[in-house]
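The same subunit A turns up in both complexes below, where it pairs with subunit B and then with subunit C.
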Partner chain A sequence: MSKVETKAGENAMTETTTKNRSPLLRRLGVGFIRNILPLVLAIFTSGVLLLAMGKSPAFFYGEVLRFGLMGTGWQRSLVMLAPLLLYGAGLIVAFRGKLWNLGYEGQYLLGGVLVVGFAPFVMGSLPLLLGFIALILVGTLAGGAWTLLPAFLKARFGTNEIITTLMLSFVGIGITNILIRGPFQNVDVTVPQTQVMPLDTMFPKIFGTRIHIGILIAIVVVLIVHYVLTRTSFGLRLDVYGASPKSALHVGIDTPRMVMILFFMSGALIGFAAAVDMLGLWGNMRANWNPAYGSEILPFVFLARLSVLASIPFLAFYAVLATGGALASQDIGLDSHFILVVVALILMFMSVIEFIGMKRDLGQSYLPPTLRKALAKLLPQRKAGNP
Partner chain B sequence: MDLLSVAFVSAFIAGFLAASMPLLVASLGETIGEQSGVLNLGIEGVMLFGGYAAFVVTLATGSFAWGMAAGAGVGIVTSLFLLVLSVLLGLNQIVIGLAVTLLGGGMTSVLYFGNYSKSTPRLGKDEPFSLWGLSDLPVVGDSLFSQPAIFWIVLALAIGVWWMLSKTNFGLQLRAAGQNPNSLDASGGNVVATRAIAVLLGGFFSGLGGAYLALISTGTFTPFMTQGVGYTAIVVTMLARGRISWVIGASLVFGLSVAVGTVIQLTNINLPTDVIKMFPFVVVIVVLVAFARSAYVPPALGLPYSRGAR
Partner chain C sequence: MASPDTHSPTASTPVLSIRHITKTFPGVIANNDISLDIERGQVHCLLGENGAGKSTLISILAGMQQPDEGLIEFEGVKTNITSPRNSMDLGIGVVYQHSTLISTMTVLENLMLGDTGSVRLDRKGASARLAELSELLGSKIQGSALASDLALGQQQQVEIAKAMWKGSKILILDEPTSMLTPQAISGLERSVARLKNQGLAIVFITHKLREAYSVGDEITVLRQGRVVKNISAEEMQRSSEEQVRSLVLGAMFGDDIDAAGKSEIAEEISGSVESHRVRPDKSFSGLAPALVLDGVSSAESMTETPVREASLQIYPGEVLGVAGIDGHGQRHLAELVAGQRKPSNGKVLLDGEDISGLGVRGRQRLGIRYVTDDRMHEGIVGDLSVAVNLVLKRIGAAPFWKYGRMNRSAVEEEATSLVELFDIRSPSVQTRAGTLSGGNIQKLLLARELTDEPKVVVFNKPTYGLDLKTVSKVRAIVKNFAGEGGSVLLISTDLDELVELSDRIILISNGRLAGEVRNDSPHTAERVGELMLGPEAA
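And then the complex of A and B:
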């Protein structure tokens, strides 16, 4: 036991010396290990899984890059990135306050269906710019409104928000489908779907590419959110609340109001994302359609340490992986849900690496006490075999 | 259709049990986990893994018993993720749970797509195991008391879980691990070991729930077939607060809401299927709003235990 401790002490000492030698290099190294290594490990492990299923990982990842970046792939990826940036910001706002808004799918779909549903009416009666603004407002308010009940229950009774948001998400998906098969249905076609927006009432494209102005809107909004979260007193209060709701109450923060605001902001940004996605890319919605971005971008907002600014490169990486992966998996005869596996592996590796990093910073052992004791018992035997 | 004909009542009871039983099994597992302070948000993924394994094994061997065993076994194996990462290392249970859900959905649909998407095989019906005498009752006898063996085993397991949680020393330790892990530690118990066993038991029941859903309720496996049953199990667990009678009651109410939805489709009432699919979740929301004050969870739920931490 004592041997283990002295060894840990030595390690800590060598660490401090290296820290003094090259802080910048060390920081870069730590940044790489904590943020990039999970991606590398997950991609490697999924490669092994591909091999086990008799597919060539090199070919698969080559195809991912080809479809995600080469040719017009980068444009497709950027188009996908536009709503993801807003979506990610919505998740980050809630997660920074340690509020688990897991009802993102319902919020996104409700926002989206109201946008495409009202689009023919709104775009027909308003000038283009006003129409866009009105429809974005519709999506944003719808997404935000769908968080009000969970937020109220959490703020008033402390009801677990994971459950309420998840259940309301299912209800939201149901209402979306009812709207598509009911008032918003395009009766001219047999497949239940909303009317397709004419291209000239959708977001204009940038310089003859497929990229619509949604990406610019998204970047501007995301930068504003980043400013609010990091440079304003509201952001500070949010971080205090996230660190400890009890201490937030003690320093005079109105915590129930904080819960309501954070939930509404989170849902509103997700609804905004839906509006941008509808007005920029899809233009209509089919029944039972659900892109389910939310759970797939979760690991990337965590890898970005819940920083909106840092989420941009990570979400861009996901956009390439997802646009390329969908086509690549078709190419090699794999279900497109393979990307889910990659994402799940990223989440797991990320958590483990985060854990190791935290222990390292604290100068503690990497192993939980029970495991350490068990290993300490084994250690003398090991030393005998390994002098 | 005549609402009181034997065929109709049978269909109603069959739909009712097909929806309730997998939920009941999964909720039993989730209850054990939550009482010990571990929130298993990956239950949806574990159920899919269990259901897929059960489907494959039953298809290969033709035996429903082996399929059930495989589902439960795979449930235990996949709960090792939660055991190692969340209980032993103390990583965030919500993140790990979501990862397991994604992994389960992704892996099973990739495997199903690769192996069965062209043939889409279906399983037959399991041999019913009739309760002598009761199954001869008129109207409800056959549909209610002539059930596959696993049905009776599940009921026995529910009683077993109740007995374990409320009557045994281990059950007391388990609840202490969720209520106040420090006191369990101080009294000489082992918090990590207790929670580890609870997670494994939870995996057993979740996997079995998935297997029940695939083998008995639907007779096949389809990607993402759980459709929120796992999440509903978490809600049932939170409402039941560790009382097994409530777990059974809540599962039956949920099954009833599903069955009523199916019945409405058979009658002349014109309701879109979307409304019917949504109905159970609306019921859950209404219950949550009505009992908002009493949806209480163990104080240490979701928190990793580290000795001496405040």
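And then the complex of A and C:
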């Protein structure tokens, strides 16, 4: 009989504890598990890998912070962040419509090469501000234009855009290299590359730092994109289309047009990112150069739940990790690609946690059944141990 | 010595006993302490609304779900039915509501799908078994016919043969009459009677009391997962249809049945001997048609039957019913009218104006509306709120949007009034629409389509899968709309519904509109049934 009583008491207790946990706290908890935990686990696991290679994780992460944030590190990180914000927004626009634009590298490089290729003529004939606007337009339109063919095929025939964008991306990369070795080549140097933009025709720096005005432009643009996606009728149409193209058709959304617009916006923002990167940081492009930002920031836009606003802190985190990590890995005698391992681990942990999280949304537990049963057996014993 | 050995089945042991079965899903108790006995040579009817727990009980017997509590005794032996395979081996055959036949295969091939054991296909043995089953069912089943060529009643006979393929002791029929013509229903009832005489136990699931009374030896009424009434075989024999009817109605609705809905629900549940038209007969002569389809075809599609040269007129205040077996071009027909699909041929006219070139938005503004049958995936966007879903077809339009920005208070105000008007049960207008019940989602769609001056409304299977109270509400809404001068294209697979609501009924078959029956005599259902059987059956 006493056993029954304790059981009832326990039930009452667990009930009150679940009731006491406020919805806000629970949401924060879920948010942490779904969005932050993958980062924590990836950093921890990378640390274990470093240990296994005989390096000190503490030293490595210390160096990451030192180079990524301390001294002028934060400035370098912000310079890196500027194109990433626009790039991320470009990915998010397409992904929200469940259009998988994987042609980002071709779109970025084509936009970039046209900007630096035309820069000598444009900056030589136009005042600075107009020149910037013209070159940004060039990059933006080039990036957008490179999505039009896959967009049309998707809108008209429902062709799988993953394949078409990816294939066209390789074509774009090829054209970029042809341009660098052909019409845009700086014949004064032996290495195939475009002419280097003079510093005074590039974006001005802010208050004597290394940071160029690109970061301000990027923040303004992504805030506008965020507003458009979340507050306007276009944003709602996009969400309806993303949730179900069938519903979109049913409620009278012109779905082929939506596909064209989303692809173009996506490519245009990525081209914009390239223009900001060229005009702010690089000033020229070498053959076979490819920063491949897209694949590296992919996990972060998903961790941001495809919210442009939420992508800002995640991308800032990546910018610090990448800026600091590149130098830190050299510092401890590792290849600079080690940071890609961290990114890959983030992607992996995110996928696993997302998978389990979805099961939980369907009424199951985060823990596998056997583990949960084992824990459930342990827990009451502990409770009985200290009443 | 005198006590019967529980391990050897005797004539008095039920073939299947369900004892205190409970099955819960997150948030619902689907089966709550259900106990039933199923006897050989008897038809046991399970009556209950959608959501009463009938489907869960079937899936437990079919081995697809395991009960949380309780036990099942098969021929007196405690048995765990752990898988569909296990269930079939026991001799439990289930005929589901939806078709499980593969349409591109022949009947014989479909039946042989479940064969196991040998590498080589035993066609000869299968043909013999089919002949045996045809004999048993009292119907001719052609083994060489393509499944897609069969009429619905024949398809069902094949489904039954499939369920009994490996020798069946219990046959479970899930709402077997819902899509059948009156002729096919009597064919089914004859087959059921023959099987019963062979000693088979039959579980017959239905929501129509008349059917339960006519085929059932025993009736069990389920409500909200519980057994609320069991009428034993002896009791059935003693009682008149009227007595059974009042017993069942009392059990199904209790005090819940309010004065307003009582007569309609009673009518629906008891499925009066012949469904009859409930709207006044009107004459449309001298009126100009509101909607005209003139030789309209839709483009060929890989997965759906297109519409071929369809012509029809609907007058203001008229309900035009479209009867037919599901998947015969109904969806394309609805989409052609709604503007979701461009006609490849022919013209669509509204009040004499050619609107063939207009899309959904343009037609929506002119008053053409479409209540889709795919409520969950096409009708609503589950992740958006009830309020936003209610204005989803007016995105960007004033007063809900101003300068491209949503006017939240205007949307909320509209939503609140629609929720009240159409009695949508939702915690708030900000609730995610996907969390509502099927009935409330349908009310949400009706609310959205029937506001802002509707003229011509396409209802595609408007009551499919809904609970009875919502069914009668939805039908009342259709009636009122036509009563106020609206034109209705009512697409349904429920013949009773069509007879109840339509002025005229046309048949759609393989994408073509064929035949027309004026709903002016008491035998409309039979006449439509004859049309469905086609000239070759006549």
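One rule holds for everything that comes next: the second predicted complex is superposed on the first by the 344 of 387 C-alpha atoms of A that agree within 3 Å, B and C clash if a C-alpha of one lies under 4 Å from a C-alpha of the other, contacts with A are read in each partner's own complex, and residues count from 1 in each chain.
One rule holds in what follows: a contact is a pair of C-beta atoms (placed from the backbone, for glycine too) under 8 Å apart; a residue touches a chain by one contact, two chains touch by 3 or more.
Because the structure is predicted, anything quoted here is derived from the model rather than measured.
Undergrad: Putting subunit B and subunit C on the same copy of subunit A, do they fit or clash?
TA: On the superposed model, which is not a single observed complex, subunit B and subunit C fit side by side.
Undergrad: Between subunit C and subunit B, which one touches more residues of subunit A when both complexes sit on the common chain A?
TA: So, of the two partners, B touches more residues of subunit A.
Undergrad: Is A:252 touching anything from subunit B or subunit C once the two structures are fitted on A? First, second, both or neither.
TA: So A:252 only meets subunit C here.
Undergrad: First (subunit B), second (subunit C), both or neither: which does A:160 touch?
TA: It touches subunit B, and subunit C stays clear.
Undergrad: Given the touch rule stated above, what does A:244 touch, subunit B (first), subunit C (second), both, or neither?
TA: The answer is second: A:244 touches subunit C but not subunit B.
Undergrad: Using the superposition on chain A described above, determine whether A:351 touches subunit B (first), subunit C (second), both, or neither.
TA: A:351 sits against subunit B, while subunit C stays out of touch.
Undergrad: Name the contact category of A:236: first (subunit B only), second (subunit C only), both, or neither.
TA: second
Undergrad: Considering the aligned complexes, could you tell me the closest Cα pair distance between subunit B and subunit C in angstrom?
TA: Between subunit B and subunit C, the minimum C-alpha distance equals 6 Å.
Undergrad: Which residues of subunit B touch subunit A once you look at their complex with the stated criterion?
TA: So the residues of subunit B touching subunit A come out as 41, 81, 85, 88-92, 94-96, 98-103, 105-107, 109-110, 112-114, 117, 190, 192-193, 223, 228, 231, 234-235, 238, 272, 274-275, 277-278, 281-282, 284-285, 288-289, 292-293, 295, 297, 307.
Undergrad: Give the list of subunit A residues in touch with subunit C in this complex.
TA: For subunit A paired with subunit C, touching residues are 231-234, 236-237, 239-240, 243-244, 246-247, 249-254, 363.
Undergrad: Where on subunit C is subunit A touching in the complex?
TA: That would be residues 25-26, 338-340, 359-361, 364, 370, 372, 374, 377-384, 388, 392-393, 395-396, 401, 404-406 of subunit C.
Undergrad: Please output the residues of subunit A touching subunit B within their complex, sorted ascending.
TA: 53, 100, 149, 153, 156-157, 159-160, 162-164, 166-168, 170-171, 174-175, 177-178, 181-182, 295-296, 298-299, 302, 333-335, 337-341, 343-345, 347-348, 351-352, 354-355, 368-371
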